[in-house]
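First chain written, first letter: the chains are A, B, C and D, and each begins at residue 1.
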Amino acid sequence: MIYFNNDYAEGCHEKVLQALAETNLIQTPGYGEDAYCRRAAEKIRALCAAPEAAVHFLVGGTQTNFTVIDAALRPHQGALCAVTGHIHVHETGAVEATGHKVLTVPSADGKITAAQVAEVVKAHRADSSFEHMVQPKLVYISNPTELGTLYSLAELEELSQTCRELGLYLFLDGARLGYGLMAKGNDVTLPDIARLCDVFYIGGTKVGALFGEAVVIPNAALAEDFRYLIKQHGGMLAKGRLLGVQFDTLMTDNLYFDIAAHADRLADKLRQTFEELHVPFLVPGVTNQLFPILPDAVLDKLSEHFVFCEQQRVDETHRAVRFCTSWATRPEDLEALCEALCQLKVES
Amino acid sequence: MIYFNNDYAEGCHEKVLQALAETNLIQTPGYGEDAYCRRAAEKIRALCAAPEAAVHFLVGGTQTNFTVIDAALRPHQGALCAVTGHIHVHETGAVEATGHKVLTVPSADGKITAAQVAEVVKAHRADSSFEHMVQPKLVYISNPTELGTLYSLAELEELSQTCRELGLYLFLDGARLGYGLMAKGNDVTLPDIARLCDVFYIGGTKVGALFGEAVVIPNAALAEDFRYLIKQHGGMLAKGRLLGVQFDTLMTDNLYFDIAAHADRLADKLRQTFEELHVPFLVPGVTNQLFPILPDAVLDKLSEHFVFCEQQRVDETHRAVRFCTSWATRPEDLEALCEALCQLKVES
Amino acid sequence: MIYFNNDYAEGCHEKVLQALAETNLIQTPGYGEDAYCRRAAEKIRALCAAPEAAVHFLVGGTQTNFTVIDAALRPHQGALCAVTGHIHVHETGAVEATGHKVLTVPSADGKITAAQVAEVVKAHRADSSFEHMVQPKLVYISNPTELGTLYSLAELEELSQTCRELGLYLFLDGARLGYGLMAKGNDVTLPDIARLCDVFYIGGTKVGALFGEAVVIPNAALAEDFRYLIKQHGGMLAKGRLLGVQFDTLMTDNLYFDIAAHADRLADKLRQTFEELHVPFLVPGVTNQLFPILPDAVLDKLSEHFVFCEQQRVDETHRAVRFCTSWATRPEDLEALCEALCQLKVES
Amino acid sequence: MIYFNNDYAEGCHEKVLQALAETNLIQTPGYGEDAYCRRAAEKIRALCAAPEAAVHFLVGGTQTNFTVIDAALRPHQGALCAVTGHIHVHETGAVEATGHKVLTVPSADGKITAAQVAEVVKAHRADSSFEHMVQPKLVYISNPTELGTLYSLAELEELSQTCRELGLYLFLDGARLGYGLMAKGNDVTLPDIARLCDVFYIGGTKVGALFGEAVVIPNAALAEDFRYLIKQHGGMLAKGRLLGVQFDTLMTDNLYFDIAAHADRLADKLRQTFEELHVPFLVPGVTNQLFPILPDAVLDKLSEHFVFCEQQRVDETHRAVRFCTSWATRPEDLEALCEALCQLKVES
């Protein structure tokens, strides 16, 4: 069986593993106050052109999301996101467990628009009983989104401007950020994100690390006392250096970006194959996640050799599924998948 | 100005006031452990034909909702309700502040069906990553709903059976229960509710009391240690006897039901007036809340003498608004409203 | 039986009841946005010489404590209080239920000193792993304390100065504030409290109201969005006017202060009786709560006619108990108690 | 500089690293549903002689503590521990952040006795206003404790029996369990712990793993839906196999126990050195943590070459400090420390 069901089926990139091995017996201070963390943070600040930004390393995505949101909000405030947002759907109510409601707006492609944000906030403020409703205070977006789509620079600029005008924070979940930054047609850079967001993170777990997310906080108001929050929410590793070593390696010699580009290239090839076979997509995508709509019969056949992810039923005989490439995907495996698709299609 | 905007614009029924005055200087134990509370609880158990049910008195509806839900759920469990549910829309995230997500299903009339509950629960259990999502464990319904509609006995039976089969609790918010029980066409009784729900409350604030909600817990599993929860959530009055005295009075000589019937009768008359004038309704209603759709011009005129509640814009020239009658509504005021409507209609 | 066990055994002062009756059928807006609340708030601001302070009315003490503390703190911050503090001991963990730790310092008399606060904060900041501990951010004091003692103006000035120097909020729980303000020897005024505290409340439940606490927030930073917090925490009465009417009455013609002085005078007389009988006290007190240490035999006899409150065992044959007077205590009942004490003492 | 300040200054044991490397590119399902986790759990169940126990792997100690406690308690219930307990002192209020109060009893040696538990629970139940106080429901102990002391089997039996009689859960934090199990004089085994506790964990972070704690839940009532809780609290690694691989390795061929014994042997040697030099201890200890009381002058000298941990000032010229050995401590470094101590002592 070859796995295309997600981008976290393997361990980590060999260079990351090597760095962990090389530093393994070096003694360091605990809890992220070591030289590796400092160096990784320095590199990230440089890559983001954000010399004043705070940088912290947490273990996983859900943890990062609820820690950031809980740090940013007062009790009566909520996070606004697309109805497909990871915090709304797939984190077992972790944000609500910190006491905050997740407010949603409809979305077909996983994105949220500046206009939607403005409409929600204005409607809230115009309501005569606004104090009986949760106050929208933070906008949560994922880039790439849960559906593999990307914000354009123009969209991000507009969202950011709207948030600032309305006094909301903009938080970008970058669990798959590398795959977004390196995607064909992407026009958003790390310095753009650091300039336009109040807080965001660069995902490691899905892009070459064993685990780890690098939180960048350009807005100083959100950075205060953040380490207390990490500790309280269980995100402060005794051996914090593990995160520093990993991100230090990933942010050296363009590694993070190169391995993300690898995944995007393979996904691109897979997309072309689908297109040539006239397979429609649930949403158009340019990153490492593709959501083709295929006949049940084809999927049954495919599943004899390949693992993919169920997304949703489309009609009585078709389902949308997810195929993921990753930093670890072997070109020959992708090749095998494309061939299988071509053969199946002919048969069907 | 005459107020029809809600059912809590006045204080309390004169008999309630009188009882408070008569008992005012009698010394009693605090925190609801007095004879008045015991007597009121006894009467409620009798009216509900639920001799084993626990009965507690809390101060207000939001408080009651989050106390009951927090008492019933484990951290990873959520409350399921109609998208119009009061806990979802109008309680400033009080349920989420206790750590629990509110899950919603669509609803045009404020109600939720057994089929919807079953679908949500089955979809949850069938999902391969169900542990990444909040577990639906309690169904929250309002009766009457926020839109003034009522569950039929058949609907309630079906909901209850579905909840029991699936291992969910059924919680009925009865903030306006009196108006529902006495409404024309209602076929649900207090014993029905006590038999079919795990926990519910009989609203006092909107039906003749100064304040107060009587929580009835037929399901013994939900009753354990409930007083701790009341205290922790700020619902335990030092002078708990105030709640006992009020409910004791309301539950004596049918007072609660008579005054609710009064409001329903006046609402019925208002509805007939609207119907005669061919005014459509946002939703059909038989209780003390009516949601007619009227031209802006008519509403502007009306608002010179009457206060009502904005509900939603329907089209460019029409809005749905809410008119409420209550135990305190004076027949002559209702008469004046009907006359004004007839005159305006003629003019318009 | 005559009750001296607490100061909430009766309903409310007759003038309060009369005001509730007189306004009962007047229609007002809900949720505390009525003219009575505005007027009561105005009077309180004037009495506090704090024209800019926000004033809100909540239902009870526990509710007020956790609402204020939750409004003031970020997730990693805690409230510091005496080990005897009501929030630490007698609120079923209501503050912790909002996510915040209660930090304590030892106290023999219910009070906390500026030096203790400074020591805790300095130790926290000096600790190399301070981020692993809850950050003290708010000092909670009760005045009178749970043991009936009072802060002097000098003590309060010093506490306030220390808090301001260290960046902590000072929150005064005034559940029995009236009894403190009118006590013999008290040198603290409402304007002093408004000047020295960031937030405090004037208790109504124990001083003549049916229920209700008036929160005063001189520190504008703590006032922002406070109504959302009240709603979320279940403290916003639909008929908010009930609180306005009560406080409006209590703050008119010195009523609140006169009835508190009545209780203090009776307590004073009782204290003199104890002193004449050479009965020692657990703590010296000047307000309406007294904590005499009496032989078990005497207490057994007393309990045939009087109800008092158990405080703690002192030795094998003596217990400390609590006697409370209140705005409602009848002079003849106090007289009876004093006589019984004199007779018992003679006998014993 | 040689570090003796803690037991998490290095990465992981070489065999653990090797296993991570060997399995690095193998594709597995995510979120702990892989074969490594299953195998590690199987081995742990066997070692604990608890074939029915649930076993889960979490990332760190604080996370494990608040996840277990939040899973076990209803909102009004609290965790009882020694005043030195890690959850009370060093987790930034993480337990309180889930809404639960930490209740404490005094302790000089880090341990809590069955008699203390019984006393707290009986006092709670005997109090007439018990519902105004947090209900003790879970006893949290650490073994070894934060002061390096150990529970004897007799003490643990008694604690367990008391908890069961009183209806409380017993939760053992085994962050350093290996060092305890292998300590000279220890008479407690893993099967004992599994038999006597409702839930406990076997710490990996401090005993040879990069990170990770293995939670064992012999009490089935606490195991229900535990994976939801892990996910909600941020403890579910996408690459859960990392935890499985590590614990699988540690639990193979006695590795975990051998490396713990290594640390204990070195600590034993250090203790003997202190004893020969007549250096007193803050508490007597047999595990890998020692708390000697030394003159400031000696500590100043020592700190030129060795890193240790400040514990507390004892008198004007002496401080208690902590020295830790670990699975990674090199015998020659321990030798160097002992020699330095002997020389300094002669000089002083």
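Some points to look at:
One rule holds for everything that comes next: a contact is a pair of C-beta atoms (placed from the backbone, for glycine too) under 8 Å apart; a residue touches a chain by one contact, two chains touch by 3 or more.
All figures in this text were calculated on a predicted structure; none of them were measured in a lab.
Of all chains in the assembly, those touching subunit C and also subunit D are A, B. Chain centre most remote from that of subunit D: B (centre = mean of CA atoms). Computed from the mean C-alpha positions, the centre of subunit B lies at a distance of 50 Å from the centre of subunit D. Note on chain placement: the centre of subunit A and the centre of subunit B lie 42 Å apart, centres being C-alpha means. Taking the mean of the C-alpha atoms as each chain's centre, subunit B and subunit C sit 34 Å apart. Rounded to whole angstrom, the centroid-to-centroid distance between subunit A and subunit C, based on C-alpha atoms, equals 50 Å.
The residues of subunit C that reach two or more other chains are 75-76, 91-93, 97-99, 129, 131-132, 228, 231-232, 236, listed in rising order.
The touching residues of subunit B, counted against subunit D in their complex, run 31, 70-71, 74-76, 98-99, 129, 131-132, 135, 225, 227-229, 231-232, 236.
Against subunit D, in their complex, subunit C makes its touches with residues 75-76, 78, 89-93, 96-102, 128-129, 131-134, 310. Chain contact summary for the complex, subunit C toward subunit B: residues 3, 6, 8-12, 14, 17, 20-21, 23-30, 59-63, 66-67, 91-94, 97-98, 205-206, 210-211, 228, 231-239, 241-242, 328.
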